[in-house]
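Below are two complexes that have subunit A in common, paired first with subunit B and then with subunit C.
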Partner chain A sequence: MSDESTTGRKSILQLRQLTKSFGNFTAVDRVDLDIAEGEFFTIVGPSGSGKTTLLRMLTGMETPSSGDILLHGERINDLPANRRPTCMVFQSLALFPHRTVGQNIEFPLKIRGVDAASRKKRALQLLEQLRLPETYYSKNVTKCSGGERQRVALARALAYNPEILFFDEPLSAIDYKLRKTLEKELKDIHRETGKTFIYITHSLEEAMVMSDRIGVMRAGHLVQVGTPNEIYTAPRSKFVSEFIGDVNVIAVQTQADGQLHAAEFGTSFVPPRLPNGFTSGHLVVRPEFLRFLDRPDSAINCLEGRLYNEYALGSRIQYQVRVGEHVFIVEKLRQQAFGGQRDDAVLIGWDAKDSILVAE
Partner chain B sequence: MSLRKFAAGPLCALPIGLFLLIGFAAPLLAVIGFSFMPPRTFGLFLNPTLVNYIEIVDSTSYISFLWSLALAAVTVAILAVICYPVAYGMARIFGKWSMLVTLLFTIPLFVSENVRLYGWVLFFIKNGVLLGTLKSVFGIEADSWLFTTGIILWGMVYVYLPFMLFPMTLGVAMVPDQIREAALDLGATRWQVFREVELPLSMPGIMIGFLLSFVLAVGAITEAKVLGGQRVIPIIHDIEIAFTYAQNWPLGAALAVLLMLVVGFLVLLVLRRFDLDAILGRR
Partner chain C sequence: MPGSSAQRWRHALVVVWTCAIVIFMYLPALCLLLASLTSSRYFIFPITRWGVDWWHKTFDSIEIRQLFETSILIALCVTAVSVVIAFFGALAFARYNWRGRSIYQKIVLLPIFFPQSVLGLALLLWFNALGLELSWRTGVLAHLVWIVPVATLVISIQVYSFDPALEEAAFDLGATRWQVFREVTLPVLFPGIFSGALFSFLLSWGNFPLSLFTTGADNTIPKYLYAKMVAGYTPGVPVLGTVSTFGAALLLLIGYAVILVLRRRHSDAVTEE
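This part shows the complex of A and B:
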């Protein structure tokens, strides 16, 4: 890897074979990553995949078992949390319940010995920047609503004036509508401050909305890093493709004539462009690329099944089609709804170019 | 049907309310009543009088009051210094060993206080475990520390330690790890984390430990009797004598009422200063 990341900006944080083990268990396994200055980088992965452990090493609350963390090229493995120019917004927010909103925000300044007047001035600035009323300065922090506490936690972190801000699923306990608002605000704050944000979430949707780049974690490994578009259109594994949302995955093997054999259905499919050396893996077809066909079409891949269920998903309708034991998901826009009845025999198919072949 | 007129809450609270009335309020009221009866009488409905209180003010009882309060205050202070590190260790460092420490501190509670204190007498007495060993092994002759104020404090600290330690441990354990980490992450040194976050947030437990051990220590009597050899007369001793040898219940009752007032006042003073709810962030 080079010093320049994909965004062309200077890299601020580099992880080299970063590993953390608890006894025999490896929570974070040889992670390599370059974060660019000013980037909004999101790490996604299911619960227990090691996201928090990775972040805790970056903040200095956990010591790596092996590997290195480089900040501006300097190794900071052993720099304690209180001397790193980084700051974390916790999942629990970790606000100080015995302090007012103002005192919470001023905490890092007080620690540094900033005088009371300048502290207050800065706290009021931050309240305004985070769209909290000035009167909140002396409000009891435990009296604030979930969204307000979120903003107070962010204001407190900004008061520290860190180079990198870390976020550990701060929005996971917040209801959908408010979460959407806060996601936008967070993105705005990122733009206004120009700081590097490293964000953790288990929701790829959240990651897609906010991030410049996304890293997908699975069982301690960083399995894919890329822009939201790259992750969406070119997942490199079954895991990543399934993590994005509902997809159809078929186990396949190459056969002599260059087609893909799907043992489950006893049939073969025309592949998209075959990667070099591909022998077996999975064929991924997004639900919106599946079509209902009137009659078999030799130009595209077809399967015969039974309409099993139908769900309304707002602007789209999702159909479940059973082919043997396998349930396929087909999605259509509401205005292009499929007229079939439950248990009707149906024919579904897709263009080879609309499918993705992944090795794992 | 007429029961419907009452709200469910007061109705449900009725049994426990009656129980408290009989078990708690009645004896208290009896003591208060007795304190206004003429000296050396045994009725509760004679002509009320303030004679007992006047007698106490004119007497030297204040010395016993002061001894009790001073001994309790010093005990609490010593306990605070001893217990905080242990509580911190139990809550945050010892891990699975803290169970063992808890047992070590609780098992003695199964033995009666008197027996334990007589154990200390045997330990400290001239030619006892300590001095006897010193004498026979090292040939050192020392005066026994028994019957000194110091040894009374030793006994009190020993007896009331669990009452400080356990609430304190709870208090320290109540501080969430993430809050401590957040403070550290925001640049605080270990000392600043302690002063700004850990200490204030564990204050409820610490205060409860203070109050519990203080109130119990003010009521201490056996330590002064057994270890102190009546060198110091705590107020409880005066009260006991009034009720027993002197057969002057009204005087004993008046002393008890005064003690309750003094302790109650001090406790209220502390509770006003440290609003437990506010510290806990409930308001």
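This part shows the complex of A and C:
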């Protein structure tokens, strides 16, 4: 654990053995993490993984049971939320329904005692920055659309001028197309403001689009931290590999000749580079790397199965192939669709370099 | 068109039924008004001699003025106290999760379902046991026992729809606890608090059974009406009854108008530019 993060920038926020328990239940378990200044860091995990509790500790709305939170190297565990130079965009957005868009944005400035004229000036600047028309200044916040409300919530948080902005899945209730737009906008805002963004979501896809780095949480532990590319190409566990989407996972163990034995299929596979000390784990093959074969020897690893189902996924087509009880997923671009019929006997295979070996 | 005549019938039935219900509910109040508009001493239908003499007599009476003063005084005290207790009670009721909340929710609502005359009698016994002299003050206490639960329930409805994240957000944006309360909690919950106040006032204003037992020598309007009905009826009774009823209705309408104006002002601020 170094003070410099992977991006080489100075770290702004450091978590040291951060833990939160509720009674016998440990929601966040000894998390260590360094976040660099100006970084867009996303914490991903399924519901119940502890990511919300972790975020609430970082904002000051929850007190850690043990461990430390350091901001610029200073311990801020006991600093209440209203005295931290950080601010959160809530999942429900928490816009004040009895106030206009302008009043919502000006709220933190009003609290700070900024005069009305300067407040309005700043609010109008923020409206412009978030691509909202100036007339929205006096619009009823409850009459704004979902996307507009997102922008108002972000503008209000920016008005606070925080060093770190937290996001608690604010896009989770938005429909797909708008969400994609807002994700990109958020990334733009991040670049324009240069502030540190810490985002939590259950969608790794969302995390991939926006983040500089991603931390994957599972049952209170931070199981892997890395760039989107690292998380995608080098997951360290079955859990992380499966989190990205449909993958093929085969339980394997090493055998004397250096190959991997898969008990389920009574056969062995040629692995990618074997990590030191690897004895058993899972072989992961992404569906786009699995191929239909003409002959058993056209890929180094091969299995025989039956074509079981076919789904159109837009630009791609997904095939399910049954090998015994195990269902494999193969994906092809639409232009390269596979011509087989249901229940046809098919050969599927992959090259060793296209598979990933994980220990867990 | 087949079915259209059946549809017409159904529609007619709905209209007739609705009208019947409305008449059934509001006819007594109307009769009260009619009964007050007579010049004769007794209650005779149909009214032979119309007039507003009894209205003059009633409003000129010092006794009646005192009745109003006592009733309003009690209702105002009850409103002030019950809104404060009910507001914080409602936060505990609907907002925070704590051990015993579910029992609290049940216990606090129970007095609503006590037969009020029994409750009044029980309170009378208590006041005697405690050596409290019966007056409008003990009446206020008695009303509170029944009205605080109602007001708590009314305000709770608003609290249930309140997103606690609003307070967290305000706090996170730098507000102190007091600023959060003043800038967010109170204004957002205001419609509920206002409704609670209106309920408290009107329920106290119209309450008879509790007042009967607990206000001692201080007379309220419902108590007076009852006494006059039992002995000494004059058309002053329907006059007072009408004023009391329509006064309550008027207050309710004004309250509704206040809420509307508040809402309008908010959306006006919104469309100004």
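Note that in this section the second predicted complex is superposed on the first by the 358 of 360 C-alpha atoms of A that agree within 3 Å, B and C clash if a C-alpha of one lies under 4 Å from a C-alpha of the other, contacts with A are read in each partner's own complex, and residues count from 1 in each chain.
Keep this in mind: a contact is a pair of C-beta atoms (placed from the backbone, for glycine too) under 8 Å apart; a residue touches a chain by one contact, two chains touch by 3 or more.
Quick caveat, the model's predicted, so the values are computed rather than measured.
Superimposing the complexes on subunit A yields a three-chain arrangement in which subunit B and subunit C clash.
Of the two partner chains placed around the shared chain by superposition, neither subunit B nor subunit C is touched by A:118. Of the two partner chains, neither subunit B nor subunit C is touched by A:280. When the two complexes are overlaid on their common chain A, residue A:61 makes contact with subunit B and with subunit C alike. In the superposed pair of complexes, A:100 makes contact with subunit C only, with no contact to subunit B. Contacts of A:90 after superposition on the shared chain: both subunit B and subunit C are touched. Judged by the touch definition given at the top, the superposed model places A:135 against subunit C, while subunit B stays out of reach. Note: residues 59-61, 80-83, 87-88, 90, 92, 94, 96-98, 107-108, 111-112, 140, 156-157, 160 of subunit A belong to the subunit B contact set and to the subunit C contact set alike, using the contact criterion stated above. Considering their complex, residues 163, 165-166, 168-176, 179, 183-184, 187-188, 266-267, 269-273 of subunit C touch subunit A. The touching residues of subunit A, counted against subunit B in their complex, run 59-61, 80-83, 86-88, 90, 92, 94-98, 107-108, 110-112, 140-142, 156-157, 160.
The touching residues of subunit A, when paired with subunit C in their complex, are 59-61, 80-83, 87-88, 90-92, 94, 96-98, 100, 107-108, 111-112, 135, 137-140, 143, 156-157, 160. Residue ranges on subunit B touching subunit A, taken from their complex, read 176, 178-179, 181-189, 192, 196-197, 200-201, 278-283.
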